[in-house]
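Right after this note come the structures.
In the two complexes that follow, chain A is the common piece, with chain B as its partner first and chain C second.
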Partner chain A sequence: MNLALQFLANGLVTGAFYALSALGLTLIFGLMRVVNFAHGEFFMLGGVLGWVATAVLGLDFATAFVLVVAAMGVLGWLVDRFMIERVRGHGEESTILLTIGLSIFLANATLYLAGPAPMKVPAPLTGKPLFLGPVVLTKSRLAAVAVSVVLVLGAYLVIHRTRIGRAMRATFQDAMAAKLSGIRTERIFAATFALGTMLAASAGMLLASIYSAQASVGGLVSLKAFVVVILGGMGSFPGAIAGGLILGLSEAFWGGYVSTGTVDIVGFVMVILILLFRPRGLFSLNAQRA
Partner chain B sequence: MGQKRLLLAAAASACMAGAAGAAEPIKVGLIEPLSGSVAYNGQSVVEGAKLAAKEINDRGGIDGRPLELIVEDGQCAPANTVNAAEKLIQNDRVSVLIGAFCSSATAAIMPVADKYKLPLVTGVSSKADLTEQGNRYFFRAAETDALLARAFAKIMARDLKLKSVAYIGVNDDWGRGGVAEFSRDLTELGVKSTLVDYFDHGSTDFYTLLTRIRAAEPDGVFVAAETQDGSILLKQAKEMGLEAKIFGVGSWATEDFIKLTGEAAEGIYAAVPYASTIPGDTNRKFVESYAKAYRKQPGKYGAAGYNAVNIVAQAIDRADSTKAEAIREALAKTDYEAPNGHYRFTPKGQAYGFSAVLVQLQGAKPVVVATSPVEAGQ
Partner chain C sequence: MSARTVLAVSDLTAAYGNATALHGVSLEVREGETVALIGANGAGKSTTLRTISGLLAARSGRIAWEGKDITNWPADRVVAAGLSHCPEERHVWPEMTVEENLRLGGYLCGSRREVDRRAALAFGRFPRLQERAGQLAGTLSGGEQQMLAIARALMSEPRLLMLDEPSLGLSPKMAEDVFAVVRDINRHGVTVLLVEQNVHNALSVASRAYVLETGRVTAERNAGDLRDDPDLLRTYLGG
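Presenting the complex of A and B:
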């Protein structure tokens, strides 16, 4: 029983992290219909820049976090305006090829500039682990889960409660109509891509303080994020959260009672089943696309 | 008259050969993973190898010819490694190959070396059966898991007073091999095995695995993991309040590992073929020049690259030729004084005679607690 409680806690924590890691991907896909294969590299850059800001420049975690996320927002904006804009409307294949190329470039440029060594972002909260009955947790994990919740809520509110959010939804429902009613759609595309990039980077920096950052993690992050997004439904925020938690919990219980060596089977078997029986995901919002 | 002209021609051609030889470097191909999940360790091998090449060239090269290292990225992937080997052999015309880190990648280029009749030396790949394939051109200047386990199982069981052990390792041939060899040798000594499981390369969350280990209550935990996975695992083990003694194999006796792991590294044991704190003059000189070149202490992989290049260079020197067959014969007669002892090869190409050490990390330094020669007997 005690074991089960600890597995539950482990699963919820990793599930929250999975959900956070997948948010940027689901946002960009759901709104823009861009399958962003560079998502994992944006995540990685968040962690590596976080290391530069904290360990190299000596900034405190909060300041560094804000700076890194802002810088990555600018990068996302530029990537959209100067690269993705050129292939917009040429079908999904060209954006897929573009983002795959971008991911290879970013991973290798980081490898060249920062080296292959793992980098440690100093955790903002340290101290003894907390014991809640038989369950062990650490402050930094709880804080990261809390920040994840705040980021998820914040992104949701931006899209559903603000003017720019309404402009985003309008643009992706019908770009031509949005343009005719005075929305500068090219800015909306760039802002959406920037928002997705910022979410990926904040996840990357947050998790680098708990695990570590490394130039080559991008591929693995993208892979897990795709699992989460397919489980939850492309473009759905609640779906990403549910998908993350389902993946985290099933990995924790499979790892706990069967074997951690075969844990990746779980996620991919679920993906195959979902694609066979509910290809739009468990929680897809069909209404989001007209 | 005829004889005189012949002598002249011979002298002239000897001169020309000599002149050409002085200008022409001896090329050695090095294939290591420089991108992907083990890039970091591959980079250390390259650093050690370059240091050895520089020392050799500073001493005037091999018979006056400089040694030129040509480094290729094999990514530890068998297909990429084979491509790299073909490129080095056909384009660069290297005389010897060194590589390719991961056992699976090395296994993939062994037939290539055999096909082109080119000697292949690995300083890292530890999968036991590589030297059992009857490949005459393959030499392993490294320990195998079985040899390491045999050297240390008894010392561990006795000195760490282990009664029960949980075994975990990274989910590849190296990790599984390490777990298999150590659990076999320790079980033979009466140490109970409480749990065996694996995790994938690049895993970040070990809480579930550690929860199970904590519930199994072993005295010791054996871990086969490389720098990144190992450091995260140890930190989380400390967070979970795991009290068992942790020991294992991997690049743990390195400065980077200790820096990444922080205080969670304190007190753990590692069985390694090399640690920068090994006593002796040869090692002291090696550590000094490595620290001067890279501003850090060498670890297991830095030493592996250094040793492999020196073994190859000495063989070429003894062979007095860059002909593959001559180098192969000279390699078989290797007698190399390394920072970590003496390397010789068995007829199957397995190195023996050098020392492996058991270190404990104390005060952020690997302290040697036991030394044992690696013997490839039977």
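Presenting the complex of A and C:
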């Protein structure tokens, strides 16, 4: 029983991290409909740059975090304006090929420059773990969960409550109508891609302070993020949280009671089932997209 | 009828890739008028509107709005200059509420209070939209979506409203309501440039009409003349 509680806690923490890791993809893939296979590499770069800023340059975590996220925002903007923009409207295959190419480039450039070793970002919070009855949790994990919640909520509010958020949704639902209302859609595309990149990078840096950053981690992160987005429903932030938690919990219990070696299968089995029985995701509304 | 010319299009050409769609369209719209572009499918009516509003690049020719050359301005600048284009097939944002759709029509208006005022005006004109303000636009009927598209296009308070096939796919009764709205908008001082397949509907609201044929203007007539002379109409529209 105590073990089950610990699995539950671990699953919730991992689930929150999954939700956070998938947040940028919820925006870029779920809402903007760009199938972004470089998502995991943006996440990885956030961790590696975070390591450079803290462990190499000696900045404190908060300053480094702001700088890294800002730099990744610029990168995301440039990628959209100079790469994605060229294939926009030419079908999904071109975008998929483009982002796969980009992911290979980013992973190998990082491997070349920083090497294959794990890079640990010094954790902003240290100290004794907390004991809640039979459950053990570290402070840095709890803090990361709190930051995840804030970021997910923040992204949700930006998309649903602000002028730019409304312009984003309008642009992705019907770009022509958006143009005719005076929205500069090319800027909206770039801004959304930049925001998604920033969210991926902040997740990467945050998690690199708990685990570590590694040049080759991108592929797995991308795959899990796609699992979370598809589980939760395209473009839905509450769905991303639920998708993350479901994945985290199922992996924790599968790993705890069945076998740890096959944990990564769990998510994919769930995605296959979802695509077969509820292709719009567990929590999507039934409204049609144009 | 000697009002000043607000929109002057001269010798406009445009193409989709290699397929030339406009071969030198010239037309004028005077302040306060309702002008119809009529002609068969593929004659270039919608393309003319798309080129004016900046969705499609002009290959050559000139578009002048209130004396300014606005040829190939980006769409947002055209809207800001006082032209609004309500596109064919309505193009409301299906997963946004009626109210969000409406308010986004006033996107370029910096003042929230001004957008409030314009939205209140729109809801006054279209009580049906007020009733459905919180509903997703994708769940509206075709006629309601058309009303929403027109209301949204008016949110930028244009001086020229370009309407593309507003009666498309609507019941005759609904189409009549839409044209009543167009007349009302025009009475309130908005100049209207209307594209319509249904010639009789078009001529019932327009004062003048241009006939387009394969990317060219082949005639320009008072709407009354065309209305009263079915033979003349048949000559231009080929049946």
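To be clear about the criterion, the second predicted complex is superposed on the first by the 285 of 290 C-alpha atoms of A that agree within 3 Å, B and C clash if a C-alpha of one lies under 4 Å from a C-alpha of the other, contacts with A are read in each partner's own complex, and residues count from 1 in each chain.
Just so we're on the same page, a contact is a pair of C-beta atoms (placed from the backbone, for glycine too) under 8 Å apart; a residue touches a chain by one contact, two chains touch by 3 or more.
Fair warning: this is a prediction, and the values are worked out from it, not measured in the lab.
*Asks:* Just chain B (first), just chain C (second), both, or neither: which does A:162 touch?
*Replies:* A:162: touches no partner chain.
*Asks:* With the two structures laid over each other on chain A, which partner does A:182 touch: chain B (first), chain C (second), both, or neither?
*Replies:* After superposing on A, A:182 lies in contact with chain C but is clear of chain B.
*Asks:* Pick one for A:216: touches chain B only (first), chain C only (second), both, or neither.
*Replies:* In the superposition, A:216 contacts chain B only.
*Asks:* Mind working out whether A:14 is in touch with chain B, chain C, both or neither, as first, second, both or neither?
*Replies:* After superposing on A, A:14 lies in contact with chain B but is clear of chain C.
*Asks:* Going by the contact rule set out at the top, does A:63 touch chain B (first), chain C (second), both, or neither?
*Replies:* So A:63 meets neither chain B nor chain C here.
*Asks:* Going by the touch definition up top, name the partner, chain B or chain C, that contacts more of chain A.
*Replies:* With both complexes superposed on chain A, more residues of chain A are touched by B.
*Asks:* Is there a shared patch on chain A that both chain B and chain C touch, and which residues make it up?
*Replies:* Looking at chain A, the two contact sets are disjoint.
*Asks:* Could you pull out which chain A residues touch chain C in their complex?
*Replies:* 163, 166-167, 169-170, 173-174, 176-184, 285, 287-290
*Asks:* With touch defined as at the start, can you tell me which chain B residues reach chain A in the complex?
*Replies:* Spelled out, the residues of chain B in touch with chain A are 34-37, 39-40, 42-43, 171, 197-200, 202, 204-205, 207-209, 211-212, 215, 227-228, 231-232, 239-241, 256, 259-260.
*Asks:* For chain C, which residues count as touching chain A in their complex?
*Replies:* 53-55, 74-76, 79-80, 84-87, 91-96, 100, 103-105, 107-108, 136, 138-139, 152-153, 155-156
*Asks:* Using the touch definition up top, name the residues of chain A that touch chain B in the complex.
*Replies:* Interface residues on chain A, with respect to chain B: 2-3, 6-7, 10-11, 13-14, 17, 107-108, 111, 115-118, 120, 129, 136, 138, 207, 211-212, 214-217, 220, 251-252, 255-256, 259-261, 263-264.
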